[in-house]
Structure formats: C-alpha cells, structure tokens
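Lettered A, B, C and D in written order, each chain numbered from 1.
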Amino acid sequence: MTISLQDLSPQAQQEVAATRETVAALHAELPRNDLVVWTAGNVSQRVDTDDGAPELFVIKPSGVSYDELSAASMVVCTLDGEKIDDGTAADLQPSSDTAAHAYVYRHMPNVGGVVHTHSTYATAWAARAEPIPCVLTMMADEFGGDIPVGPFALIGDDSIGHGIVETLRDSRSPAVLMNRHGPFTIGKDARAAVKAAVLCEEVARTVHFARQYGDPQRLEQRDIDALFARYQNVYGQQKGTAS
Amino acid sequence: MTISLQDLSPQAQQEVAATRETVAALHAELPRNDLVVWTAGNVSQRVDTDDGAPELFVIKPSGVSYDELSAASMVVCTLDGEKIDDGTAADLQPSSDTAAHAYVYRHMPNVGGVVHTHSTYATAWAARAEPIPCVLTMMADEFGGDIPVGPFALIGDDSIGHGIVETLRDSRSPAVLMNRHGPFTIGKDARAAVKAAVLCEEVARTVHFARQYGDPQRLEQRDIDALFARYQNVYGQQKGTAS
Amino acid sequence: MTISLQDLSPQAQQEVAATRETVAALHAELPRNDLVVWTAGNVSQRVDTDDGAPELFVIKPSGVSYDELSAASMVVCTLDGEKIDDGTAADLQPSSDTAAHAYVYRHMPNVGGVVHTHSTYATAWAARAEPIPCVLTMMADEFGGDIPVGPFALIGDDSIGHGIVETLRDSRSPAVLMNRHGPFTIGKDARAAVKAAVLCEEVARTVHFARQYGDPQRLEQRDIDALFARYQNVYGQQKGTAS
Amino acid sequence: MTISLQDLSPQAQQEVAATRETVAALHAELPRNDLVVWTAGNVSQRVDTDDGAPELFVIKPSGVSYDELSAASMVVCTLDGEKIDDGTAADLQPSSDTAAHAYVYRHMPNVGGVVHTHSTYATAWAARAEPIPCVLTMMADEFGGDIPVGPFALIGDDSIGHGIVETLRDSRSPAVLMNRHGPFTIGKDARAAVKAAVLCEEVARTVHFARQYGDPQRLEQRDIDALFARYQNVYGQQKGTAS
C-alpha cells in the first residue's frame, strides 16, 4: 500500500515541506565544496511525522544535475526506502543510494541526516581500504579518532546500509569510508552530516599530503579524548551544537 | 561541391539550429569542471538530417575562447569533416580536431556525441600510456572496466580517429586515453560524452591518489558486470538514460 | 567586571566599528583563497582604544559560517580574551581560538593582526612538524627564511598562544606551523596577517610539489637577507608597507 | 629628463590608452587561471609610439590587488624601465619586476608582451631547476620542445632580464623557468604571453603527475617539429595567430 502525503496531519505535511527546502539547499554545499561531480552524491534528512504514521525521509532524485535541484524535486520516502505519493507533479525516482540511507535511519534512531559523496581524497583512502589516522587536532575535534573503513558492498540491497551501520555503531566517527566506493557520513541532521562530509574530505586530503614525506605522529589518546569532548560541547554558539 | 544549409529541409535546418544551441551550452561544462584551459578542448554532436542528405555534426570553432562561444559561432560539418556553408556571417574554421570527430561518426553509427579534452589527470595517465584500472564502483558504473589507452597519433589525418575507433569499438568504456595526448570520450549524444569526460577525469584523479600508498585491488569481474548492468539500466529518471 | 562598549570615548567606539568592518571583510579572503572549509579559521585585529581603557581586539564568532559573517557579528574582546558588552543584539561567543589571539596581542605589542587557518599544505607540513625550507625567492621576500614549527599544544588555555609567541618572537617569519594543528600568522594589521596566511599556503604547496623529485637547493643566506630587506622596504606603493 | 605622455602625438596617446585597457583586462586571466595569489604576478605590453619618440610599455603597479586594477592604474614606462609622467592623478609605482620586462623589450624586438607569475607547478620545476620534458602533444604545439630553466638571479638590476633573454633567445619556447623563482613568458603581444603562462602551468602540472608512476616517453624530435609547425601556422581562425 502506497502512503500518500495527504494522509498526514497538516503539521507533518509542513514538516515535509520544510525538510525538502533544507535538503535541497544543502545539496548546493556538495559541489560548492568540491565533493561531487556531475550528478553523483546525495543528502537526506529524516522527517518528524505523526504518531502512528510511518517515519519518512527526504532525499535527492536520481541522476538529476545539481543546477536543477529544488525543494519540489526532492523525493519523500518511507524508512523502507519506498517513495510515497507526495502529490507533486514531478514524478521523480529517488537516488539509487536510497536503500542505504533508509537502512541507516531504521537502525540508528539518533541519526537525522545522511550524506554520500565520491569526494576525491576520501575515496582514494577508500580505494585502498585504509582508515585515516588521527594525526590532526581537527580530526580529533570532529571524528574523535581515526576515520574507519567499511566493507565492500554492492548496490541493490541492504549490504551498503548494513556495512555503514556495523562500522559506525560503536565509533565516534560520523564518517565511514566504504571499501572501493566512497564516504558516507551521518549526523543529528542533514547539516551535520554535510559538515562531516566536508571535514572528512579535508582531513583525507591533508593527511594524504602530510604522509608523503614521513609518517605523521598519531595524537595521544588522552589528547584525542580531550579535544573531542571540548569540541562536541563548547564549540559554536550553543552548547551541544557544533554546527 | 560545398553543401549549403539552405538546401536542407526546414526541419533539418531546425535540427541544426537546436544542435548548435546544445553544443554551445555543453562547452560551458568543460571549463566549469576544470577539464580545459584557454581554448583547448572541444565538444561535437551529430545532427539528424534529411534522407539522402549528407549527415552533419556541429563542433567548436578553432582557437576561440570559451567566453566567446555561442550557438552562432558553432561550426557545421559533414562527416568528411568539411565545413558547410551555414549561412552565418561568422566564417569560423572548425576545431583542429574535427577530422578525428568526423572519423568517429563515420565508423561508429551509434555514437551521437564526441568530446576531447586535455584534463590534467587523464592526460597524466595518457602520458604514461597506462590504462586506469577499475578499482572503484563508480568506474564499473560508467566505464564497465578499465579505461583503455589508444595509440600515439599525429594530428592532420585520420590517425587519431582511427586510434579512437579501434580502441573503443570492442570496449564498454566511452573513454580512451590517447597516448601522450589526452582523453577522447563518446556517447549517444554530446551530453553523455561530456559526462564521460567529467567522470574520466574524476576517476583518473582519484585512482592517481589512491595508488600512491599501495595498489588498490581491482574489482572482481562479476561485480564490475553487475554494477555496469545496473547503472546503465536503472540509474537516473528514465530506463536506459544514465544522464 | 565586564567592560561595556558604551564606556569608551566616541572616537574609540568609532575605531571599534571600523575594525569590525575590516575584520568581517577580510574573513572573505579565507574561503576565497581556499584556506578554510566550513566554519574553520579566524581573523582578528587589535583596536586602538582610549588611554587608560583596556586594549581590545575584534575576532570572528565561533562556529558561524562564512556566508553569514558581517561587521555586526564580529565579537569584541579584551586582551584577556573576554568578550565585552558590545551593545549589539547578537550575543555571539568569540572564536574558540580567542585565547591564543589574546595571548599574542598581550606579548607582541607590534602585532596588530592574527590569522589562523587549517590550510591544506601548511597543515600537512605541520602534521609532520617539519619547517618549510627557504628554497624560493618569494619565501625570502615574505618570510625572510624558513617557516618554523611550533609545539604541540591543546586548546583551552595559554599553551597555543605561548607556543606561537615563543616561536615567532625571534623569527623574521610572520607564520608558524603549530604541530599537528595548522598555521598561525601575524602582521602589523589583519590584512598583513591574511597576506602571510595566503603566502604561507602558497609556498607550502609549491615546495611540497618541488621536493617530490629531488631536494630543491636552499637560497644562500646573503641572498635571503637581500631579498627580505628589499621586499620589506621597496615593494608596493608606500615605503614600508608590503601589503 | 622625464618623458610626458602629453608630448606624444594624439595617435600614440590613443595607443597608450588602448594598451592600458588591454593589459588591465588581461591581468584578470592570472587569478582566473590560478596562476597568482594576492598581488603577485604581472603582465606588460609594448606600445607603438611615434617615430623618434622613446618606445614605451604598460605594466601592473606594484603591490596592488587584482580586484583594484583598472586601465587607469596601469603604469607607463620607457624601455629603460622608467615610469613616465602619464598625466593621471594616481601616482603609482610600477611592478618591482619592471626592470626585467624592460630588458626583454630592449633585447628582443619581436616580443610585444611579457608575463611573470609564481604559478605552483611551474615554480615547483623552477625550484628544482629542472626543465619540463616534452612528453605531450600540447607541449610540442605551444613550446616546440622542453621548457628550459634560466639562471638564479636577484631582483634589483638587469640579472633577471638577462637570464630570460639568454635562455629564450635561441629557443622555440615562449616560457622560461627562472631558477628558484618562477616562470616568465613572452609573446607577440600580452595575450600571447598570458596564453603561454596558462599553458606552461598546465603542462607543468600534468607532467608532474604523469611522472609519478614512471617516466613518460619524450616525443620524437620529428613529431615535435611537425606538431609545432602545424600549431603555429594552422590552429585558430587566422593563419599565423595561434591565440
């Protein structure tokens, strides 16, 4: 049975509309930060819906160029990854990575946003299946340690989602480098996941160049712990929002 | 005998005009994606003409800067690479790579678009005459395997076109790295060929960095086959158009 | 006791307002020169205040994106790093690097501007704790020798500021690479410090690539001395302002 | 005796005005093509003046940012590198590289434009004092062989100009990599010299990456000769202008 947007409460419908605006706008950060080319990459965010109604999330349509993305072209899906009848004229198919996003939302209730890119340097580490060692204070701040590698998994079923969740479940890192594929990042909302994607590429690039003439020394664990705790709690304008 | 645009049916003339618009607009993607500098690089697209009339294609004028390109400055050529009398005031010479494009259109009837660039990383592989190994899922998606190397060939006759066709004829890859020269890409239309040029540079760059600290493992052939089949048939908004 | 902007003379208040404009505008140079991503990095400038009144400086608010920065969102602090009551509606917290900037202003009276970034190549040298050798005339011009490395220091107290001052006090270089953290630069004003940050990244990048195929030869000390003296005194439109 | 613009014929004054427009506009190509940061780099062009009047050229003012450059801020100099009284309110000093440009114009009568940058990859080769080998068809086209290295020379007298002229006098290459300094390029006019600067950086970058995994094979001399001859005579819209 297909769900229809009209069946939701006006408040939930408004929530969907607001989330579409947010997700459409955040997609612009991907090309702007050189994380994607052509139509690759995608951002999604979970939607608060009515009690009893199925949970939803909003994601990029498949194969549409970044210039053409708008709130109206964002696709609304259930946590099973099924597109709902969203009452818009544009009948767009969701991103081919939708199943992976859906799996993450089903299994990580605190995750409100997911991002996937093929950003160059993060993907280079992913191609070697090599975690990025925590050799910079900004890595300790945002990732709380190394950025881990996930398994090789084919698109088309739950394999990718399962690999992301298994890797990140017990990690402080909001980023995972999927083997020979590319980075996925998570966050309390889509903005936090986009931030993690931006910083993941930044540290992937910096450590790539750093190690070219010697092995940078990993930070002491107690220093990593201190930096991570401080950044997660003090940085930014409101306690607890390091956005 | 020079062909004149006026000899074509109104419908064919309209087709030429539309193709000029398309090809002019797609040229903007080359500098935007950092695939070219100065006046280097070119895009062409085949035109559907009247039964019995010679087939045509539209290509960039030689040595004109990207800022100055417009539909009006695009040059219309026969599949012999000869400029036709296109009735425009601007009497511009076609790209110096026109013969190579023409050869491809003559010998690969399914090809509707051709792109040539000197994009940095793809050209670096071309300088070593080394194929790019298929070590990333996005390579399997778009190229269906390694990106092959074509022969060294001088400009001025059919050598480059011949090298492109011989290399790509039995390959899934829409890209060939011409030895010590640079990449040429093909597609069902110019947009698909531009996409291949963008992704060719992306994987050339990513694999360049990936292998710096170890040899990334090639994907299994059955995984490459599965990814390629899925991407060519499922990705995007319409079955069969992975644009 | 918190200081209030209203307690200052009209002239000093005007000086604060002008400095906010300057510092806000200079922040745009950081993303424009690819020195920062997301909300990282910060610029500050010392303010001339009244005799007897505490000295002040203006700095970026913490965790605010570069697009949203304006003169009004800049934060005014004492040289103890305490935010003053600046009479604006926006109650923004200063950069988490404020203590380091404040320490520099307290201990280096000739410094009027400080900049901190995580720019890629400078941070790569910092990750290895390796000074950048003076192998280019432009390094001699701006830095008067090698760019030195500072100690590893945690954020949260005076450690970073102390490390900067100890390293730069007896150096001609306006830039220090803080161990596994990133560059800090100083100048007579914020503009000079931003310039040093831009050139620091430029030489970090160029020397990174230069040494890949051999060790570039360090300039002779007498040549470094001659270039530095000339650049500091002759370059630009006014004697002594190499801006 | 200082020359004054007013002493020239109206036609020569018009020539000066047109050259200022051209040189100001071409400066925008330097940051646009990522060849310079901050105020580094400069473009000049020779001016046709009256018979008997001293020859002149137009060059960038020293230490002025690229955003602030305009036709009015360009500086007019004699071939001795002396600024003339140009009747403008802005009394700007010419680039600190003016003596080198002037020396080139005095000793290479066919040169109408000179460009100097510190572009990253070209400067990296210059730091190692290593010529760029001709391993790409686009190098043969534009440079007709390797890009040579000039001597190490200090700023302040004729040393740099002399090094440029001695290196390029018997070379096909319009670019020289000055030892531990950076590239200078020449051309029939400023536009041709800017083009050479853009392509010099492009091939410096591409060959830098190409050789990372093996030594690309140099083109055969007869192929270099054929490509160079063709490009100089056939490419572009008018025979002989490969602009």
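Assume contacts are C-beta pairs under 8 Å (C-beta built on N, C-alpha and C of every residue); 3 or more make two chains touch, one makes a residue touch a chain.
None of the values given here were measured: they were computed from a predicted structure.
**Q** What is the set of chains touching both chain B and chain C?
**A** A, D
**Q** Comparing centres built from CA atoms, which chain ends up most distant from chain B?
**A** C
**Q** Determine whether chain A and chain B, two copies of the same sequence, contact each other through the same residue numbers or different ones, counting it as same when over half of the numbers at the interface appear on both sides.
**A** Chain A and chain B contact each other through largely non-matching residue numbers.
**Q** How far is the middle of chain A from the middle of chain D, if each middle is the mean of its Cα atoms, in Å?
**A** Their C-alpha centroids are separated by 47 Å.
**Q** Please tell me the distance, in whole Å, between the geometric centres of chain C and chain D computed from their C-alpha atoms.
**A** 33
**Q** Would you give the residues of chain D that are in contact with at least 2 other chains, written as numbers and ranges?
**A** Those would be 211-212.
**Q** Please give all chain pairs that are in touch with each other.
**A** A-B, A-C, B-D, C-D
**Q** Please output the residues of chain D touching chain B within their complex, sorted ascending.
**A** 33, 135-138, 195, 198-199, 202, 205-207, 209-214, 216-217, 219, 223, 226-227, 230, 234-237, 241-243
**Q** Would you pull the chain C residues touching chain A in the complex into a rising list?
**A** So the residues of chain C in touch with chain A come to 37-40, 61-64, 92-93, 96, 118, 120-121, 123-125, 127-130, 154-156, 180-182, 208, 211-212.
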